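In what follows, chain A forms one complex with chain B and a second complex with chain C.
This part shows the complex of A and B:
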């Protein structure tokens, strides 16, 4: 209750929580974009999502170590992860398309462990962080502060989201992707190389995660075992927003970030994650009820 | 065909079995002139960095002891060796492996793993077999309340990590003409045994001075962001922010206090040197105050390594990195074993256990003397402050290289 009093006595801190929440949520939303795509098009829930974020972070770290300006490492991480995603599709993921959802969960879970351990061997278990070289905006005598790198993350969510929508709506590959998502068999009959579409989808997902990873390395910390945090958040966002609805994913990412900030502030950080999961349960139950009602109506 | 294969399998398994018996027999007899110490060490998994520090520390000490003629028992010199398995940073695996070291490999002397959690899992096993364990990386106070007879720790328990920081804050209050009870503390500490024991130490000493704890957050183990806590800190303006959560906690605290320009007069941390905050985070880490078990500038010395500085130089030459305290305390554990074995004059684990209990030894790492629960009560912690990119000892005053910069300057003047 003491913490609530702070917010009442100094409402300005509400603004800080809101801003932080939206900006943090945007990084989660980036990871969720790709998860939604892969889930929608390939019917695969990718548990290794967070590992792509982690690997993106390491690519950024090493690129920056080689003298590349920190901000320029974001596209580099995206490209490297895009290629990795493509290779992983050719090696592993293509076997999972059209299989049981359980098989894909198990396989990508295995993949996530593999990537973690490889990262541990190659990069070491040290906790790392990359200085973005950007400053911090300060308002109201330092009461509200916003690290500029978080604004970059927010910008990336908007730009990437818009680019994705455009890509899906207008480009040939984007159209093929949507067709495959709607009905893979029909798309195949109509001459779409669905295998290529799947490869592109998965690679695109990995690429977006790579960009998110570079931002994570500059905003927070990276280490080989941080993946699960991002996988779980991305999963939650997609569940709430639905597959393939990118603006909804961005919005629920922001909402999740805000909820997390308030839970951390009011209840203490130890309840932050617990609160999130309780929220997920509530949302799922509420959805179930709503769907149930619709079904009744249809009868 | 099938019979052929089954015959081959039978032959193979016979060979394997024979091999197993052969090795366990030789190790159990401590070979002819080698004493083998056993350990479960985190070579993979989340503790693999600190696990490597631990192993390097053990091996450095064993090599040095062997170069100097080994350990003399009953007029005969014995070389030391270490047999270890990778515990994958998981407690269950650690306990399993130590059981295997003792019952299959015939190990009679165990060295500790990395981390309090793993030590806690392994101690019941060594107790069961009445095999002594000397450890340098399990600091949780809980380890020493179970009446374990065979557990000996060369390091300070975790509640001591940041008590000194509270004392420093009280001292600063007096310097500014305030009462220590005017000081306010914010705590953000990870929710694991070790870190929570660090918190208990801070709370106990804060209570002693009557200081008020205004934030008391428990960081989740998968912590990836602490901005909610930092917003509270900005709102309440405490005099000291205490953050402890292994390497993750230290790195995150430095990165985010600087990015969010959170101004606190004193930021007190643990695990700064293993997280390498001064080396890797540059200016953001400036003025952070950090707890450490050991520093190479302390004036301890022994007959094996010389001074703490000599140890650090030798270690860096061999392993190409400056030894964090995790390596130093691991080396010290081996020295304690060597000393006890010589005094016991026997390989009997019960006699060695009694000799360990009588230890009164000066090492490059500090004095070692165990109380009845097995923890080292002779050594004290030190506090560093990062100044101009280097760790400088600021407390206790006996070892201080320089004075504490307090309050830490704001963020804008630093850039």
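This part shows the complex of A and C:
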């Protein structure tokens, strides 16, 4: 807690933490939006969400290693993960639709361990990051610095979010997707091929996570074991913001990003993960107590 | 839902597979084999001791996961607390070894009970998926908190007192301690599942709202079931720490990616919600796992991931559940369609009673 004095003595550091938090939070929000999509349409909580982010990062890393400009690796990661998501749906996930939530949680948890261990074997356990080749902006005599890539990532998230909303609202598949989310049986009766919708939803989610992963590799670090932290972040954001409510998801993502920046700065990096998972427990308990109060009121 | 076993009321009772005498003979043979095992298989005493730990893990997971319908991914929390509590007592009290171990196990039990008693009312009110993910968060948060806490050695772990004797003797001693703990757990649950308590937690699993409406204090039952699981998990912490000789926060005490998932998987593999299912599942799983570790070195965790997905997706009923669906008469269930109670269509394979 020694750093608390720094924050009080030099308030400008707060601004630095806030800016960093909002920028990194936008990437969390992207993964959370994908999780909300799968949860809402397929009624599956995908624990392997973070592994898609991690794999997207590795795809970007290797594409850049092959000579592709770093920023162009973002769509490549999205496409590769889209295909992976499609294959995983055809192999495993289609069996989990309509099963109870415990089965899908445990199965996707197994999938997450599987992907994490394959990444560990194939890419090695080292912490890696991708140099975007962009510079750093500084404001206020160098007291606040913002890596340009973080701004680019923020912009990319805004563009992707807008594209997704447009896709869901206007396209034929997007409408089918929303119809399936509202009532799968009715959608089937009206001639929607829900199996195809589920496959598209899951693949789309994996693609979104892949893009997010490429951004994570450029703005932060990746290693095979960081998947679960992204899953938990996405889950927290969705629990707080609700499924598919994009402005609320963006706001919760920013809030989570800021909270993590402060926690990392004040508690030290060794408690950063502990903070994240404790926050998950606190949020769920708070939600439970709020619901319980409503239930008592109903009695 | 009838809470009685239909076999006790039906006139057309199918002959059980094993009659009383055979059943007793099987039990005696199992006990004799368990007692003699450390001398018969001297090279793998540690692995055999871990087999009993796995059986204990699967059984304690099943009381909440299978019998009550609340799937916890964080039961390893209590085991970890047990490991640390027992080791800290051994480190700081300077008592003779066995006294310190006993005192440590006592403290472990208290700490685990307390943790379940405090956390239970807060998070057992949650339903289904929220409970599952909350418990997952709890166990990982605990691992990271202990990995950053200097008093318990932080990330480099903590070393329990050294066993006063040769390694072989130590392994045998802890084998019998873990055997005793697993047996006590099994017998306790076997007796408990036949009481009103067992009926109540099964009612919660089958339809919690209905159970609530019938006047059961559902949260109390759930917390009690969780505390019982925590008690045995906490007790197992001290012996395992002594057997391994080193407590690592992430790889032993709060090993969510191994023990934490395995306990769920073993119960599902054997058949959750049955008494023998977790025992059989643990035995098969433990053998498979040792096989993977020996012959697939490096890729063993990949194989484990595939195994998890395969079991959950293709084999959700587990071994006992599958046998029960295929040959219900083995489980004392009425097979004559005409003699079936009228409401039998309500109960599918999902509502296993104690087999």
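Following the convention adopted for this analysis, the second predicted complex is superposed on the first by the 259 of 299 C-alpha atoms of A that agree within 3 Å, B and C clash if a C-alpha of one lies under 4 Å from a C-alpha of the other, contacts with A are read in each partner's own complex, and residues count from 1 in each chain.
Quick note on the criterion: a residue touches a chain if its C-beta (ideal position, glycine included) is under 8 Å from a C-beta of that chain, and two chains touch if they have at least 3 such contacts.
None of these values were measured; they are calculated from a predicted model.
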(message) One more residue to check, A:270. First (chain B), second (chain C), both or neither?
(response) both
(message) One more residue to check, A:96. First (chain B), second (chain C), both or neither?
(response) second
(message) Contacts for A:111 in the overlay, against chain B (first) and chain C (second): which applies, first, second, both or neither?
(response) second
(request) Quick one: classify A:3 as touching chain B (first), chain C (second), both or neither. (result) first
(message) By the touch definition at the top of the document, which applies to A:228: first (chain B), second (chain C), both, or neither?
(response) both
(request) Using the superposition on A, tell me which residues of chain A are in contact with chain B and, in the other complex, with chain C. (result) 117, 120-121, 228, 268, 270, 273
(message) For the complex, give me every residue of chain C touching chain A.
(response) 71, 73, 122-123, 125-126, 128-130, 132-134, 137-138, 140-141, 144-145, 147-148, 154-155, 257, 261, 264-265, 268, 298-299, 301-302, 304-309, 312-313, 316
(request) Would you pull the chain A residues touching chain B in the complex into a rising list? (result) 3, 6, 10, 13, 16-17, 20, 24, 117, 120-121, 124-129, 131, 135-136, 138, 142-143, 145, 147, 149, 216, 219-221, 223-226, 228-229, 260-265, 268-270, 272-273
(request) Would you mind writing out the residues of chain B in touch with chain A in their complex? (result) 44-49, 188, 191, 216-220, 222-229, 231-232, 234-236, 247-248, 250-252, 255-256, 259-263, 275-276, 280-282, 284, 411, 415
(message) Using the touch definition from the top, list the residues of chain A that touch chain C in their complex.
(response) 45, 92, 95-96, 99, 101-103, 105-107, 109-118, 120-121, 228, 232, 235, 239, 268, 270-271, 273-274, 277-278, 280-281, 284-285, 287-289, 292
